[in-house]
Amino acid sequence: MTDTILETRKLRKEFNGFVAVSDVDLSVQRGTIHAVIGPNGAGKTTLFNLLTHFLKPTTGVTIFNGREITGLPPHRIADLGIVRSFQISSVFPHLTALENVRIAVQRRNGVGRNFWTSERWLTKFNSEACGYLADVGLEKFADTQAVELSYGRKRSLEIATTLALDPELMLLDEPTQGMGHEDVARITELIRKVSANRTILMVEHNLGVVANLSDTITVMQRGAILAEGDYDHVSRHPEVIEAYMGGGGHA
Amino acid sequence: MSVPVQARAGRFNAVHVLVFAGALIALGALPFAVYPVFLMKAMCFAIFACAFNLLLGFSGLLSFGHAAFFGSASYLSAYALSAWGLSAELSILFATVSSAALGAVFGAIAIRRQGIYFAMITLALSQMIYFAALQADFTGGEDGIQGVTRNPVFGLIDITDNLSSYYFVAVIFVFAMFAVYRVVHSPFGQVLRAIRESESRAKSLGYHTDQYKLVVFVISAALSGLAGGTKALVVQVASLTDVTWQMSGEVVLMTLLGGMGTVFGPAVGAVLIVTLQNFLNSFGSLVTILIGAIFVVCVMLFRRGILGELQARFGRK
Amino acid sequence: MPEPAILIDVNDLSAFYGESHVLHGVSLTIRAGEVVTLLGRNGAGKTTTLKSIMGIVRQRQGSIKINGLETVGLPSNRIARLGVAFCPEERGIFSSLSVEENLLLPPIIQPGGLGLDDLFTLFPNIRERLSTRQGTRLSGGEQQMLAIARVLRTGARILMLDEPTEGLAPVIVEQIGEAILALKARGFTIVLVEQNFHFASGLADRNYVMEDGVIVEMVAREEVREKAGLLQEYLGV
Amino acid sequence: MTTIFDMPIAILGLQILIGLQNGAFYALLSLGLAVIFGMMNVINFAHGAQYMLGAFLAYILLSWLGLGYWWALLLVPLLVGIFGLAVERLFLRHLYHLDHLYGLLLTFGLVLIVEGVMVDMFGASGLPYSKPDLLQGAERIPLSWVTGNERDIMMMPVYRLWVIAASIVVCLIVWFAIEKTRLGSYLRAATENPTLVRAFGINVPIMVMLTYGFGVALAGFAGVLAAGLQAVTPHMGSSLIIVVFAVVVIGGMGSIMGSILTGFVLGLIEAVVKIAYPEATNIVIFVIMICVLLVRPAGLFGREA
Amino acid sequence: EKLSDNAVRIGVMTDMAAVYADLSGQGSVVAAEMAIEDFGGTVLGAPIELVSADHQNKADIAAAKAREWIDTDGVDMLTDLVTSSVALAVQEVGKEKNRVIMVVGAATSRLTGENCTSTGFHWAYDTYALANGTGTAVVKNGGDSWFFLTADYAFGHSLESDVSKIVEKNGGTVVGAVRHPFPTTDFASFLLQAQASGAKIIGLANAGSDTINAIKQASEFGIVEGGQNLAGLLMFITDVHALGLDAAKGLFMTTGWYWDLNDDTRAWAARFEEKVGRKPTMVQVGVYSAVLSYLKAVEAAGTDEATAVSEALKSMEINDVFTTGGKVYANGRMAHDMYLVQVKKPEDSSGAWDYLDVVRTIPAAEAFQNPAETGCPITN
């Protein structure tokens, strides 16, 4: 069964006259892994920001599960089941890795606003949080403060945190950036694993990962969609090769 | 609260229990050693500073207008006590609730701004309160509300003598400290920490961060109001002093001096500053110099604040 | 042909972050005109090594000689004036500066750096976005380009690039590879930290492999093939 | 005489000029603060005290050493600046890596010390300082070109004209030095990430120290100007400092021109309020600040975070 | 037992470091010490002890400290109390705890009016006396139209309204007033409004640095040259000192005391100056007089119980360096002669502190309000 989980119509974003996303019609099928690739500055992250409502579109609408969600504030979007990771890693630096993940687990269980009970009550979420850490290979660092993690591990932590929300649609902005080869492999596997009953939309520059994972690929350039299709299709597209992949395109 | 009591109690170790019991006993015995009015005043400021620290220390919000809550509450409870003859606890409750309401208004305006802008908006709003206090009729202008009476608690228990009012204030104090502790060490407190660390990440995880900040702002304002309302009862005066920006500054200093990352540090800082002001009182301009010097030394050498420094030394989390 | 002079000579370097001891006796040498890479898993200590050479990590022991001068006691601004430039992995674009201000920020240390025109040919995005008021408004990849462009301008003869291709589109990665070779040809010395082994090994004269804060292997260009097994073990490639 | 709002136009015009002159003080002080606050992220609470110190030094130079106003104008900023350098070197330097609250606390402590010492040495009620002969008296400014009436003449005190002129010149010089040279971007960058800027080869500690000293010197300069207008008292700075902070915030932190323009404009607005509703003079700036920040979160000329 | 805990303790509570520190402050403490010394150091055979504190012009600090002194240190009398809010708060504590409060530094007439207490006294001056002294004299001198620069708080308002009444009673008119915020450093705008009003007299219903700055800046705009005159409604000799004679010359003001009145005052002032380094103000010498009178009253009453001492005070005649023939009214007001003074021209002054010429002595009965009209319920 494939139906459309997310759809945009004529989505557009201008920054002081500069068009970063230009009338994009994107449609993401439920249960697939959908990759967005494109040259730097093509508007991929901006598109993510529009989808999660971190930015307000200049014009255009977004439809999620058949429902228009255009005006909602970002936290409502997350409530609906759309969660993102950030391109430039964004963790809670002085919380331990475990606490980082637990914040998300807590959110999913809707116990954030509870200010009358002890936080010890939260320990019941620890084992679940540890599970997510183990998924990304950070179990050894559960009690390390996030600042002290190396760059690559921070990114793994961020993915674990995102996963912990168990989102219906997960947006990953360059999940493997800054990771070593083994980690890239592990994250690729992880993404495949977690994609089982959810939809994943991701931006990625690592073509190996893209080729390996994605069901559909949308190529953006200068804010607009240049090509769309599976990997074989887009990797042969001459304009894509010229604008994005270059000579060594096939990883 | 679904967690079994045993499971929680089990996490209290003997040291905690001892420290806690010791503190309670000390609190009960203290008025026999130290002048109770002074102690009550110190407790009021301690509540104020701890309430303030909910914002500064645990949510990363520097409010530079907290005197508005403290001061307006002190006026309102003074007025309720002397003009309406309301009982002590109701007057204080009235002041607390009003401060919470004021906090909701201030919070709604200020909360969307960050850092220094947040500080300046709160300052500006509190200057409005100052202006109102100076101009309004019921506040008595710069003469303040004088001769506030200590009405009986529940209309029954007489608290006109210092010792009985001390125990009344001590109960409020313990309640407020517990409230602060509870808020900080709660699931909500955990989210606040996360918001302070990275607001955008918290948002993307689905937290409505503005709402969280507003809630903590209101809690902090309410507790500041509790402190101010109680203070009017204690010193039996409500005056402009409590609504000036200098008072907002003083509470920042108390908090930093005591340790802003700690729950009870601000109380220690408050007590210390009140004590300094009290005992060095007759030295004139030398006091100013001395207090200034103490701040400089603290910032340079004990910057985690007194309690923060102690915790770091003795390795508690 | 005589060996080119040793430019950077690191001997038994230890580095610390507060209490934690991160580098445990790193030794490496870099000769004038070489491209040398530092490879290793996440957290191996590559960044820390660069930062120690640069003097950004101040808690360090051992010896770091740049052009024969001991620099362990020097502050980073003095080290930079010796002609060493550093491009950090987290990019370090300043949000309070416009793109142009970011680009022009590092002072020219010696003549011979790339001119603006060269930089714009290399990274056309930057020319286009020059007037953006906050550097951090750029896309991730554009920020990376800006961070690289910024140090290429300074004329420093030793470039230390920490994961410069991270987040860049394959075409740009290719171009950066070419640029590095061009710079090498102009006599620059380049130290490269990379996760992208294929990219790095294609450029490098020598590769150092790090693990847990020490150098565990040095692989010269000629040996890459024969030591493939070893690299597989250390890097998982 | 021509009148507007029941007020002779000559007097109205004068009110405006005086607003400008008060604005000149706001501009000068907020400029120094903006340099320190916007460029170094230090909340220099001692700015008012340093301004007061400037006024006192002018008094001391005159009464102890017989050095008059012009000497004071030259020497006082230097002396106050040196005081600033010492403060930076001894204290502030060790606080940059911390939350900027600590800078606030430290400078607050310094205020208490400096004010206490001054009260101890000179008393609290104030000292007289006389301006030089050259700047005594009032300038006749004809307004007949506006009103057509020969009798409309403003009598603007020369000293106040001088304050406006001196302040504009200094503000423009500073603006040029910071915005039109590389200095401003070095400073802003160093605030954000000093380690990296240092790794570019810039001696950040020295640069920051000089910047602080310079900002403080501006406060000292304003202090000398003020000594000619008002009683020199140990508390003259503390009532001003909060308003000046407000000016910097309205202008937008980090914007030099923003601080200057806002300073002058707010002086003018205040002048109007002083006529229309004088009781509100002390809060009008705060009302404006709230309005501005609600509409423009980073102030009028600030960069959005 | 006649004396509580066998000692008489006097507390001087004053502004030690802020704006009123010069006119009271440490000098008030020294004056109190001098009074104790002149009295002989003991009363009724018991020692006299002095404590002092800084109330920082904050009512809550003052009230709390007053309670502490009374409850734990056995202080019998408190004096000085410089600002109105402080004085009102402490007088309230004195009422509750039955202690003698002798306010010297504060100005508000409320202390012996609606807020009077049976053990509260007001010693040196009050807003009524100042308004009355300056207002009457100035109108009589031809200054019959007034414009006020009023500090926008209760003290300023009451000073303004007191003076207005007097001006109108004497046949003058009030043409306007501008309420300026407190504190204000630049008065130019307000002065111009005063100038535009055309009033002959600009009354300064403010205090301290506000008054100083207003006067200093008035000279810039040629206000005096333009035919208008300034009247400082609450000024101390320290204010004249801060202004310098150049700026202050010709100014009228009312004071309760001046050091250069007669040989006694000169001698006392010299003694004081030796210890403090400057001439005394009316507040400081007022503290001396209050303490001395209190001790005499304790001796006369034979106890330090407040009501008895108050009775004794009210039946005494006050004769000391501060005043001769002073009377204490039932409402606690000590009525004594006041002086209308004018600031000397620089060329007429022999140097520092030689600042004032006494123009007129205002007899006590005329200077202070008739207790029956004050609104104080205590009438005998």
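As written, the chains take the letters A, B, C, D and E, and residue 1 is the first residue of each chain.
As a convention for this text, contacts are C-beta pairs under 8 Å (C-beta built on N, C-alpha and C of every residue); 3 or more make two chains touch, one makes a residue touch a chain.
Since the structure is predicted, the reported quantities are computational estimates derived from the model, not experimental observations.
Where touching is counted per the definition, subunit A and subunit B have no chain in common. Shared contact partners of subunit B and subunit E, listed by label, are D. Comparing the CA-atom centres of all chains against that of subunit B, the greatest distance is found for C.
Using the average of C-alpha coordinates as each chain's centre, A ends up farthest from subunit D. Distance between subunit B and subunit C, defined via averaged C-alpha coordinates, is recorded as 51 Å. Subunit C and subunit E have centres, each the mean of its CA atoms, that are 76 Å apart.
Between the CA-based centres of subunit A and subunit D the separation comes to 49 Å, rounded to the whole angstrom. Residue positions 17, 21, 25, 152 of subunit E are each in touch with at least two other chains. Shared contact sites, meaning residues of subunit B that touch two or more other chains, fall at 284-285, 287-288. With touch defined as above, subunit C holds no residue shared between interfaces to two or more other chains.
Pairwise, the chains that make contact are A-B, A-C, B-D, B-E, C-D, D-E. If you check the complex, the residues on subunit C that touch subunit D are 54-56, 75-77, 79-81, 85-86, 88, 92, 94-97, 101, 104-107, 109, 133-134, 154. By the touch criterion given at the top, residues 35, 37-38, 41, 134, 140-144, 146-147, 162, 231, 234-242, 277-278, 281-285, 287-288 of subunit B touch subunit E in their complex. Interface residues of subunit B, counted against subunit D in their complex, comprise 56, 62, 109, 112-117, 120-121, 123-125, 127-128, 131, 135, 245, 249, 252-253, 256, 260, 284-289, 291-296, 298-300, 303.
Against subunit B, the residues of subunit A that register as touching in their complex are 52, 54, 73-79, 83-84, 86, 90-95, 99, 102-104, 106-107, 111-122, 161, 165. Per the touch definition, subunit B reaches subunit A in the complex via residues 1, 3, 8, 11, 182-183, 185-191, 193-194, 197-198, 200-209, 212, 215, 219.
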